[in-house]
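The following blocks contain the structures, represented as structure tokens.
Two complexes are shown next, each including chain A; its partner changes from chain B in the first to chain C in the second.
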Partner chain A sequence: MADYDIPSITAPIDIPALKKGAMEHLSPFAAAPAHQEALGFPGELVDDWQSKAIDKFAELLRRSRALKVYMDSCVKCGACTDKCHYFLGSGDPKNMPVARQDLMRKVYRRNFTWAGKLVPWLVDAEDLTEELLDDWYTYFHQCSQCRRCSVFCPYGIDTAEVSMAAREIMDHIGKGQKYCNEIIGKVHKIGNNLGLPEAALRDTLDGLEEDIEEDTGVQVKLPVNVKGAEILLVTPSADFFAEPHVDGLIGYAKVFHQAGVSWTLSSYASEAANFALFIGSYEQMKLIAERIRKAAEDLGVKRIVFGECGHAWRVAYSFLNTLAGPFDFLDPAYPIPQHICEFTYDLIERGELTLDKSANDHMTLTYHDSCNVARGSRMGSSPGGQFEIPRAIIRACCNNFVDMAADTIREKTFCCGGGGGLLTDDLLEIRTKGAAPRMRALQEVVKDHGVTHMAAICAICKSQFAKVMPAYGFDMDCVVSLHQLVSNAIVLDGQTTSHSEEMSTE
Partner chain B sequence: MLLGTIFAVLAYFATAVFVVGLLYRIVVYARTPAPLKIPTTPAPVKPSGVVIRMAKEVVFFESLFKANKWTWLFGWVFHAALLLVVMRHLRYFTEPVWSWVKWVQPFGLYASFAMLAGLVALWLRRFVVERIRYISGPSDHLMLLLLIGIAATGLLMKYVVRTDIVALKAFVLGLIYFDWQPIPNDAVLLIHLGLVLALMIVFPFSKLLHAPGVFFSPGRNQADNPREKRHLAPWAAALDAGRQKAGGK
Partner chain C sequence: MAYECNGVTVETDEEGYITDISLWSRELAIQIAAEEDIEMDDDHWEVVNFLRNYYEEYQIAPAVRVLTKAIKKTLGADKGNSKYLYELFPYGPAKQACKIAGLPKPTGCI
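Now for the complex of A and B:
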């Protein structure tokens, strides 16, 4: 078992008393020189790192209005202090958003403000010492960039932007994080986070086609690199093999099949997640986004649809047009890009899917709003569609659905604990503690409403929950893909196996 | 008259620092590009919706209300009261006094008590609530003390040690019309004015920049329309140039 305390979830999650230094021992593995250099960052900490860091900081302040305004505007009102899941789970005061930001703001004041230069002791201004840099590395990697704090800030200060900027500065002085930078390198080289080459991808998809045919008697295709297909599906690579992700992928395939549209995956752009978001690098983010553009151009598709992935959808919805647009070669009749939930919801609305809700009767579901979908994107044409559309799909596919407590869902949803580049085993302790608020909310509906499963639409949420839920006494397969529910309920034309038989044989 | 001259010079200096400093900040904020669309969603999809969102934020402190009802109450009461008090003070800058300023006068008087109460409550939070105590630095305490000092000396003059308000108004109007007049030699008045001038001077160099900052916060002032409209910062547009030349379509 873990050698750290797992927060209790049987009582309401109280705002913890401060435990100074509670998480200061936990830093992620450092990027190896090879990981750094593949992205054009210095291999290891450069000699004049302090002045280089300040130079980069100055550049970011010129490049980003958000950073500049956020550095100036905080009044330390404390509105955010009890909003971060990592603070609620760990009690470490440096995990309070304002204190996390202040690690950076101290250096801002010292180097870029008169008060900080003249009277540093008065305004908490500090030079970027080695000790403070270590704090940066530790605590800016205990932020999942989920934006929950920014909802409550009277000035909209977003700690995600601050931690992205801090990570970008650290990358530029040779202090990068292994998990993110190694993965970004794999995308540049192979096309996805897992480093899954085309042959392996084809193999996996062939296997899935066989599984679906065995289950349903219907030949549902999962095509790769098909030129002239109408839709390019870009999905997180975890969908190709991880549980419960792969059940979601099967769901998308069935929906496309039933809709009668031609579609394809691309082995060149076989990754929806854009981890460059986590390290705050516009340039790296653009490189990854351009792969999607190139794949769409090369395959001659008319539409781009994204699979279930939280940060991916934020980058796709909010940034893709900026990073890799304009997409004037795609069909303007459809949203560019479109979320798979928007695609499925549209079919449901038009009555084009036959859904047998009873196929999901063995479950009582709740829904976890993924942080970056909830607070950094939208679905559909009106604000809040990102909350309504997934729930509408669940209701169309399931008889039993219950929402969790109001202050833990929708725009106030808690991060799963593994977002923002923290989904790595070297950070498991903070991941586990950070999941506590969500686990608590889940526990409540389990107790009061007999909830058995929680649906999610993010590859990170699914992996994170599957990993940490056992620590809280839940089964790891309590978390399901939203399109897994669609997959269960959808009745394909010519389907031979009925759901009830399928259930009874299991 | 020496005292009057000192305060006159200080007043011009403080006003210049306040106005120029603030304008400089606003220009910097306005000119710094926002490279990506990052409104905190759900967000309005049209600019007209953004105006409503910002108005709710600035007038009612909507986000703070979501966050913590006590902080919201104390903070909102202080800010609203400060606004009324400032409006009431226009009577010392106008001759004849504008009619709406006369109308606001009684509210401004009540507001001065509310302002002081709000400030004291905000200050107490910095001692009583452990989390807020942890994040409070010397300047956070001093800023509240400065404002409490202004409110307290103001109330003192109104209700305890009254000053020669007619002479004071002559002094203030003299500043405006460059016809300098002596300032009443009253300790409480001089402290009150000195603190106000100090506040004006520190404004553009301190966290008081939250006042212009909130209007420039991309999380609040951007419309949620990235799919419909391509958003591109000038420095980011330069990165596109490579692609177009390299043979894109």
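Now for the complex of A and C:
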């Protein structure tokens, strides 16, 4: 179906032969003026865009000492070159992290260093020309900000910060991306990425309550806007809408039910995702985070728990307190905020869940570490908890679990190919190519260990895999939600039906 | 891009979703479907009609689970699953069926 090459995954993925310009044709759709203006950005490219861009660049350098260090400290050692899934999948040299960042460093050198100002030809310094701006737009939207390359950078350069800064500069001169900016506008207006209004949310949740009761004979509630509930669950709106996400949501509901805690969703903060991270906008990120704080205060909850969403957990774990804190009205006895995996793991540790592992015997699982969880956050109280806790939950719920190759998991995990604001159809080609390293690792455990399914804890990863896996010969329902496994295994008090015969991916 | 339908020009966005949903008609749906290599039959219409009714009530397309449940009720258990919907709309029931039904594209991590 595709009119482009799908990388072969039958052999280990080697460093590809360079294909200059292989991906230069692929830029995302531009944000319409309405999408831009809703976020306070210019509707279209401003007249004096070059000077405005450099002004914004200067402002970002003043604001972020880290960005200046990242601009100055690269020595072009090349350690990052073959670490990017988009480079490995496309062979386009501008998808080498060092080359992608150099699109910005050239402009930095020209405008902010003496050598670049005086002898630009000696130091490869360039003005931000229209051609270079087009390269920025193209290639900074072929970076999923997954930070795998940063793990291998001897200087610790956070390449995601560079991509974020580039997008921030482009937004401020009127060159924004439709996918991210339209979605952020929907969060401001309606409360979630989907644009799902409260009535539709309630209708969807009512349907899920019916399904759970039909399956188990137990009335498990999925409450919305319940004042005085103990826990506010903030989860990606894809959990209400898409497959296999919704099976994860059912899993959270069953866990809360079995734990006997009162919980609620909020229609005002019906989104965990914070796409402002992807466009590097602190102001937008703060606005979205503040919705969560307001919902928690209005509902009078004592705890905030986040559902399965990769970058949301990074924003929640690492930045929520700075963006919207202090959360001194929450119960300090619990992590602020808490991940649903931490919540479930704690119950498992305390022996408070009855889990029938045989309910997942029709599957052999592997686990995909999502980049923002793996490299931008933590879970639990020990280092590496973000790797151990999800795996411990899977092992508690499944008899058959196998990890993929060591250089493709944990802190070295490969991006699914759709993160960082790239999960849009107009970028499907690079998404598909960028998935190749993960697909190769999956292929190995499928072949060697009979793996049938891959679990994930990120809405983007789940949607991306469901979309691109068929191109690599896997069924779209090979990807499952981690809490879908919990949902299958958990035995609720008073449960009347055994679900060991049910298929999880019905 | 634009469609000519019953003497009216109907504009679409860059992905082929019509921009003024009030200009939708059954004839237009057939044209959009043809563009997607889909020949509309009763099964397709069942889905498209459900989407439009749901949208009218809730101002959004239904979740995949809501759609499969509704189809299960009207067409039976063998058709109430995403596999069946993907057979009808290979590019995904949420996005492709919405396009044919004249509804905005669902956005987000989906």
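The rule is simple: the second predicted complex is superposed on the first by the 500 of 506 C-alpha atoms of A that agree within 3 Å, B and C clash if a C-alpha of one lies under 4 Å from a C-alpha of the other, contacts with A are read in each partner's own complex, and residues count from 1 in each chain.
Throughout what follows, contacts are C-beta pairs under 8 Å (C-beta built on N, C-alpha and C of every residue); 3 or more make two chains touch, one makes a residue touch a chain.
Since the structure is predicted, the reported quantities are computational estimates derived from the model, not experimental observations.
Trainee: Based on the shared chain A superposition, would you classify chain B and chain C as clashing or fitting together?
Mentor: The answer is fit.
Trainee: Applying the touch criterion given at the start, work out whether A:D425 contacts chain B, chain C, both or neither, answering first, second, both or neither.
Mentor: second
Trainee: Hey, is it chain B or chain C that touches more of chain A?
Mentor: B
Trainee: Check the residue A:P197 against both partner chains and state whether it touches chain B (first), chain C (second), both, or neither.
Mentor: Touch partner of A:P197: chain C, not chain B.
Trainee: Quick check for you: in the superposed arrangement, does A:P383 touch first (chain B), second (chain C), both or neither?
Mentor: First partner only, chain B.
Trainee: Scan A:E411 for contacts with chain B and chain C and give back first, second, both or neither.
Mentor: First partner only, chain B.
Trainee: In the overlay, answer first, second, both or neither for which of chain B and chain C A:S266 touches.
Mentor: A:S266 contacts neither chain B nor chain C.
Trainee: Just to be sure I read the superposition right, which of the two partners does A:Q484 touch: chain B = first, chain C = second, or both, or neither?
Mentor: In the superposition, A:Q484 contacts neither chain B nor chain C.
Trainee: What is the contact status of A:V98 with respect to chain B (first) and chain C (second): first, second, both, or neither?
Mentor: first
Trainee: Pick one for A:A238: touches chain B only (first), chain C only (second), both, or neither.
Mentor: In the superposition, A:A238 contacts chain C only.
Trainee: Could you tell me if A:F29 is touching chain B, chain C, both of them or neither one (first, second, both, neither)?
Mentor: Second partner only.
Trainee: Nearest CA pair across chain B and chain C in the overlay: distance in Å?
Mentor: Here the least C-alpha separation of chain B and chain C stands at 23 Å.
Trainee: Which residues of chain C touch chain A in their complex?
Mentor: 14-15, 57-60, 62-66, 69, 81-82, 86, 92, 94-95, 106-110
Trainee: Can you list the chain B residues touching chain A in their complex?
Mentor: 25, 28-29, 32-38, 40-45, 57, 61, 63-64, 66-68, 71, 75, 125, 129-132, 134-140, 142, 205-207, 209-210, 213-214, 216-220, 224, 226-227, 229-233, 235-236, 239, 243, 248-249
Trainee: Under the touch definition given earlier, write down the residues of chain A that touch chain C in their complex.
Mentor: Counting only chain A, the residues touching chain C are 29, 179, 182-183, 186, 192-197, 199-200, 203-204, 207-208, 211, 236-238, 240-243, 245-246, 273, 309, 423, 425-426, 459-460, 462-463, 467, 476-477, 506.
Trainee: Can you list the residues on chain A that touch chain B in the complex?
Mentor: For chain A paired with chain B, touching residues are 15, 17-18, 61-66, 68-70, 72-83, 93, 96, 98-99, 102, 113-115, 121-124, 147, 150-158, 161, 282-283, 286, 290, 297, 317-319, 321-322, 325-326, 329, 335-337, 374-378, 381-384, 386-387, 411-412.
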